[in-house]
Amino acid sequence: MEGLLTPQTQELIRMALMEDLGSGDITTENTVSPEARARGVIRAKAPLVLAGLEVARAVFSALDPQVAFRGFARDGEVLEAGTGIAEVEGSAQSLLKGERLALNFLQQLSGIATLTAECVRRIQGTKAQILDTRKTTPGWRHLEKYAVRMGGGTNHRYSLGHGILIKDNHIALAGGLAEAVERARRGCPPLMKIEVEVQTLAQVEEALRVGAEMIMLDNMACKEMEQAVRYVAGRALVEASGGISLESLEAVARTGVDFISLGRLTHSAPAVDISLKYERI
Amino acid sequence: MEGLLTPQTQELIRMALMEDLGSGDITTENTVSPEARARGVIRAKAPLVLAGLEVARAVFSALDPQVAFRGFARDGEVLEAGTGIAEVEGSAQSLLKGERLALNFLQQLSGIATLTAECVRRIQGTKAQILDTRKTTPGWRHLEKYAVRMGGGTNHRYSLGHGILIKDNHIALAGGLAEAVERARRGCPPLMKIEVEVQTLAQVEEALRVGAEMIMLDNMACKEMEQAVRYVAGRALVEASGGISLESLEAVARTGVDFISLGRLTHSAPAVDISLKYERI
Amino acid sequence: MEGLLTPQTQELIRMALMEDLGSGDITTENTVSPEARARGVIRAKAPLVLAGLEVARAVFSALDPQVAFRGFARDGEVLEAGTGIAEVEGSAQSLLKGERLALNFLQQLSGIATLTAECVRRIQGTKAQILDTRKTTPGWRHLEKYAVRMGGGTNHRYSLGHGILIKDNHIALAGGLAEAVERARRGCPPLMKIEVEVQTLAQVEEALRVGAEMIMLDNMACKEMEQAVRYVAGRALVEASGGISLESLEAVARTGVDFISLGRLTHSAPAVDISLKYERI
Amino acid sequence: MEGLLTPQTQELIRMALMEDLGSGDITTENTVSPEARARGVIRAKAPLVLAGLEVARAVFSALDPQVAFRGFARDGEVLEAGTGIAEVEGSAQSLLKGERLALNFLQQLSGIATLTAECVRRIQGTKAQILDTRKTTPGWRHLEKYAVRMGGGTNHRYSLGHGILIKDNHIALAGGLAEAVERARRGCPPLMKIEVEVQTLAQVEEALRVGAEMIMLDNMACKEMEQAVRYVAGRALVEASGGISLESLEAVARTGVDFISLGRLTHSAPAVDISLKYERI
Amino acid sequence: MEGLLTPQTQELIRMALMEDLGSGDITTENTVSPEARARGVIRAKAPLVLAGLEVARAVFSALDPQVAFRGFARDGEVLEAGTGIAEVEGSAQSLLKGERLALNFLQQLSGIATLTAECVRRIQGTKAQILDTRKTTPGWRHLEKYAVRMGGGTNHRYSLGHGILIKDNHIALAGGLAEAVERARRGCPPLMKIEVEVQTLAQVEEALRVGAEMIMLDNMACKEMEQAVRYVAGRALVEASGGISLESLEAVARTGVDFISLGRLTHSAPAVDISLKYERI
Amino acid sequence: MEGLLTPQTQELIRMALMEDLGSGDITTENTVSPEARARGVIRAKAPLVLAGLEVARAVFSALDPQVAFRGFARDGEVLEAGTGIAEVEGSAQSLLKGERLALNFLQQLSGIATLTAECVRRIQGTKAQILDTRKTTPGWRHLEKYAVRMGGGTNHRYSLGHGILIKDNHIALAGGLAEAVERARRGCPPLMKIEVEVQTLAQVEEALRVGAEMIMLDNMACKEMEQAVRYVAGRALVEASGGISLESLEAVARTGVDFISLGRLTHSAPAVDISLKYERI
């Protein structure tokens, strides 16, 4: 429960161990002596922002509490290709069994952190912050939101229970924007703000009028977003969302929005390359 | 347990519902009437190969067994942008609560199927088959291997218990390639073949000599792979692996290998764009 | 997942069935014929506000899907002593096995709703709302917060992840109130407000100055609370907390605070009396 | 599995950690340094009988095995207001995260022990013992029965599988008292006694005649109970149940019954006040 | 929860499905069309007492709720070789996937019922009853105790919480037989009897003197057991245990003991032969 | 996850602890002091092949991490009657609570290893190997396959996902043997071989012709098996299965088959006798 290792993460590690080792490791058990010991280094094969070191440690520890795991870097650090991330040492069988799973976690989480850091870099000098979304890998919400933070991003809502965000579908089904905001305010826990998704400047006005505290500009052109920001004039937070590429990020940030949210941080970040080679000791 | 809906998948759906709805959906519960009913269409926003329809159905069904879910397409189908995938109808609250999770599954699995199909297309006319790897998202092994099949790929080992694959680390820790193969054969369940990972032609010879039934050529140049294939001459299956890009796929296939394995199918496939819009009924 | 029946609730029901029926019901199985059928009415034995009807239904349904359960009332309704709440009909064995567990849920949840309604009644005519706390029965957070709403109360934070509330212990360990608020603002997800717990008027001033959006007056006398409310003057929400009895509720509400939070709603509400008598059919 | 820490208790702790910390502790993580260390004392704020110390310890230990937890008292001890119960020391973040959950367990379990002890005190000098019932908080059976023992009470049946108790509903559905007892005897495991619930003296006679080994007098007046005890004359154990208040306890005990069972011990015991304040070290 | 299908049983079925189908059924999925339908009969291949029919039904139903399962016999029935037990009909793939698991349950549980019935038959005409023990297959306690009942046996304690049985190890560690019984009586829930394991007639006397309500004669010769029974003379129940073979059963029963307990019923009953053959429809 | 202690095994241990200790151990808790310490030796009471020592250790360790467990033998060792297997030392209560469960695991797993070793012994000098089947105790697949290995046997398929075995039911439902093999080959993962079950020599020919890599001779007479082996002549592996008794084992092995599979190893092995006696220290 310290940092990453919540019950959810532990459950995910357990599921993943079952997936890969549920019927044993017939290669390792048949080729390597149970007495053999080994050592290996987890190493970045490309530049990356690290995320998930404690999950990798927990994988080996769940497999075999005797494996020694020494981290050389910390989550959030920017690493050059070739940098050592951690050293593992222990039973050769245990190391072989845990290798792929530990790397699978590290590569995917560091992939998210690395992509987030690249997005943050592209808007440096503006006041905008990079937000994630709820477009996460089912089962990985906690881990992926953490990886976004490690890359310098800011977390949007953790779940449907962590903030009021009235989207187009809610407006359609609630009988209009104003009606939806009005109802939401009545049931809203006192520590939660209300955000509204809008497509037009007219909706920006309406949202502000009924007291939205944050406004999501959905798929707007930069020019329109600039108008919206100018109109809002600090009376609410403004978030740009939808259809934003790496290339257009800077332009969007320069419209003056407070936040830019990107589903791709979590649903489409490519894994980064990390290796683990063992030697007998 | 029919098709995709194994206990693992159901457990993953349960975890994902907890993540997103564990403390309720304060937007929907406060803006939309419990009596309101709605209908919506899940729609491809870009060309894709569909995978995961039954998972999407199961998400809505876990939330509310009264939601009607009518599929218009089947997993494995190639869909044009704009094609309707399924229609959902029922309680507006239930539809709003399940929307994002259903799409998260569909977009990621269809992303994998779509990338796999693209790889398969690029090697059409050769005898090579596209294989996946164990570089899957922890917790998603079953779903991702299924999506690869839907894209026309072939599954490699499901887990460490589903086949003997002696990799460089095993060779290093077992005291040599021949020694490792020999030991593996003794403990190998009778329905399992033995594969060996090699880096050099000398190792190809050694692996064949000790009776490997499949040989993985790791990170070899195409020219070397051709030599290996010629040398093996059908006495074992041959797999190309490591450092293969979409662009180099065809050249690798033309070397005559039986299989090409690609980690990116599962660890780096971008999600495809799928939408779901509701109207009140 | 509709309303109350989240995965947590279902897990709690499963645990409770195991507790009470894990080794069978040796009385029922040995005295009543498996073919016997019965009918019974769940009935309020004292005036109460109902909460948990769907949990009671789910208990019987988990035991035996053939049991018919017809509700006569709805959660949140005020019922006189003697009123019928629901009728159950089915296998006599199933009804006998589920009786106590269904009542245990209903009596405790309705106890919370009933106490909450009494508190709400006592402050009618003021602008204050009754809030719950995180002092809930471990494992019951979701159910108890629901029961508070059924009694007319408002939910405070669902969990430590659902809002920033800087308490005395945080201030002590963070190096002061202003420092804590400042840091919290930097990491705070955009849809979350910041609340600060204070003991003195000086702290009220400090909290307001550094931008707290909600202020919890901890264990203050009514007179002091009035001064605080006057000083805040609408610039933040104000919550009274600590040491408030049923008797002092009205006086506290008249100080002008926006919210009054009461741990007793969930940790000390006495169960209400509800009976279930069967007859053979 | 030592004492209280059965798999059920551990599962309940896990559920409770998920409830409160499933999406992190955004206050603590954003205000207090991960390096900060703290110390605090858990302290009785009112006189109480302690129960649940090992659960509190387990909460901190599940969160962070590095937290040191030193108990100053033992379950079952009577403590004055102001007495220190335990000291915790470790990472300030871990201490802040576990505080409320540890107290929630301690306050509710000690509340039950304290109320039980008060009941036991009121019947001192009689031969009667205080029994609990199956009216426990679903999910808490094991913990609450333990707390009753800590308060000096005796546990009645743990579950429907732990003893034969033929109640009014069984008699109604089995075709009469004698018939029910006769059937129960045939299927009864050899180490279990048979108890029958009765409302009248005629039923006491009938129960004795068919060999009941324990008789529960349901909602009888004291005078009638005295007659029942005299009639039974040691041929069976006698339990008084139903409608017994703290005030009437002594009178009931003086009727000569062997046991007095009270649902309120577990369903309506108010939590006792226990605090935990931290200081930085 | 009806009869056999408790949460434990369902959990065991889930574990068993994972074991056998966790990575799919690659034979069935690749050889039989998903559209094919089949029908088959579960048939006794040897005389047996049936137990576990509802578990077999639940296995198919967990795999595929569309499978129709029609029972031809009931648990506890004595069946001739060749008798049809049940008919299954549905998707050919589902039937093939569930066949082995359904049979594994049926064969092992019916094996226990069949052996129990044989033991019961051998002591017919005596007053002795056949008891099981806690020597059950871990995870199968509930199912195996049920199978014993189906064979006509009586259940001894369900678990360590379901009765006081003071064995040699307790006596050794408690400081003597009388001391142990005395202490047990003080903590004993009122509906539980106390049994003592003895090796000698002197211990029988001691156990009776201190009020044991049941006495287990451990590994005694028949002659000695007769003396014990005569000495006890109905003042306690008497159980014979240890070293009793099928052949010696009748002689043991004729000593006049009330119960004979046999570990072999559950730890060594051979599976009975049951087949399931399909035809396409 | 080292060796036997996979998540499945740990889950099975947890279920078994719940079964036996879910409501406490009322004998031990009431007769033996929590401070008392004891020591005992686990001892073979009959000749046996040991299996499951680490499970026994894990049972005590799950109950109480302070119990010291020193093994004197290793799994797979042949032990004489009277040999000490392990010594346990610690809290007398913990030792008493874990005794039966630890023995239940040890006795059943060693029973399987012992029976397997007996089968292996009977075919010594032939080339045949003893195979297990999927006729395992549901929930125990992993443990029982391990015990077979400890007895010197070879594991057949772990599950339906670990090898293609086309049985009579598949042939019937797929439209013939050749058709089934042909289809299986197309979907077969590259590291898996295809086995076909046959009843006649004509089917042996057909299976070979379509390329089966292993052939299971089902319930054939020895003479016929000899003919089959001669016909196959090393072009496929040959397995004898069905209706093979301990007595006929050697004759079957002398037919020249490569493997003999026996369901009885796992579904009908009698438990072996192992004791555990404590003394106070």
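Per-chain numbering from 1; labels A, B, C, D, E and F assigned in written order.
We take it that contacts are C-beta pairs under 8 Å (C-beta built on N, C-alpha and C of every residue); 3 or more make two chains touch, one makes a residue touch a chain.
All values derive from a computational prediction rather than experimental measurement.
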Looking at the contacts, which chains touch chain C and chain F alike?
-> A, B, D, E
Most distant chain from chain E, judged by the mean position of its C-alpha atoms | A
Of all chains present, which has the mean Cα position farthest from that of chain D?
-> B
What's the call on chain A versus chain F, same or different interface residues, using the half cut on shared numbers?
-> different
If you average the CA atoms of chain D and of chain F, how far apart do the two points sit, in angstrom?
-> 44
Could you put a whole-Å number on the gap between the CA centroids of chain B and chain F?
-> 33
Distance between the CA centroids of chain C and chain D (whole Å) is 21
Of all the residues in chain A, which ones touch at least 2 other chains?
-> 8, 18, 21-24, 97, 142, 158-159, 161-165, 189, 192
For chain A, which residues are in contact with chain C within the complex?
-> 131, 154-158, 161-165, 189-195, 214, 237, 239, 258-259
Which residues, counting only chain D, touch chain C once they are in their complex?
-> 8, 11-13, 15-16, 18-32, 36, 38, 40, 92, 96-97, 99-101, 103-105, 107-108, 111, 134-142, 159-170, 172-174, 180, 183-184, 186-189, 192, 263-264, 267-268, 270-271, 276-280
Please name which positions on chain B make contact with chain C in the complex.
-> 14, 17-18, 21-24, 62-64, 91, 93-94, 97
Which residues of chain C touch chain B in the complex?
-> 1-2, 6-8, 142, 158-159, 162
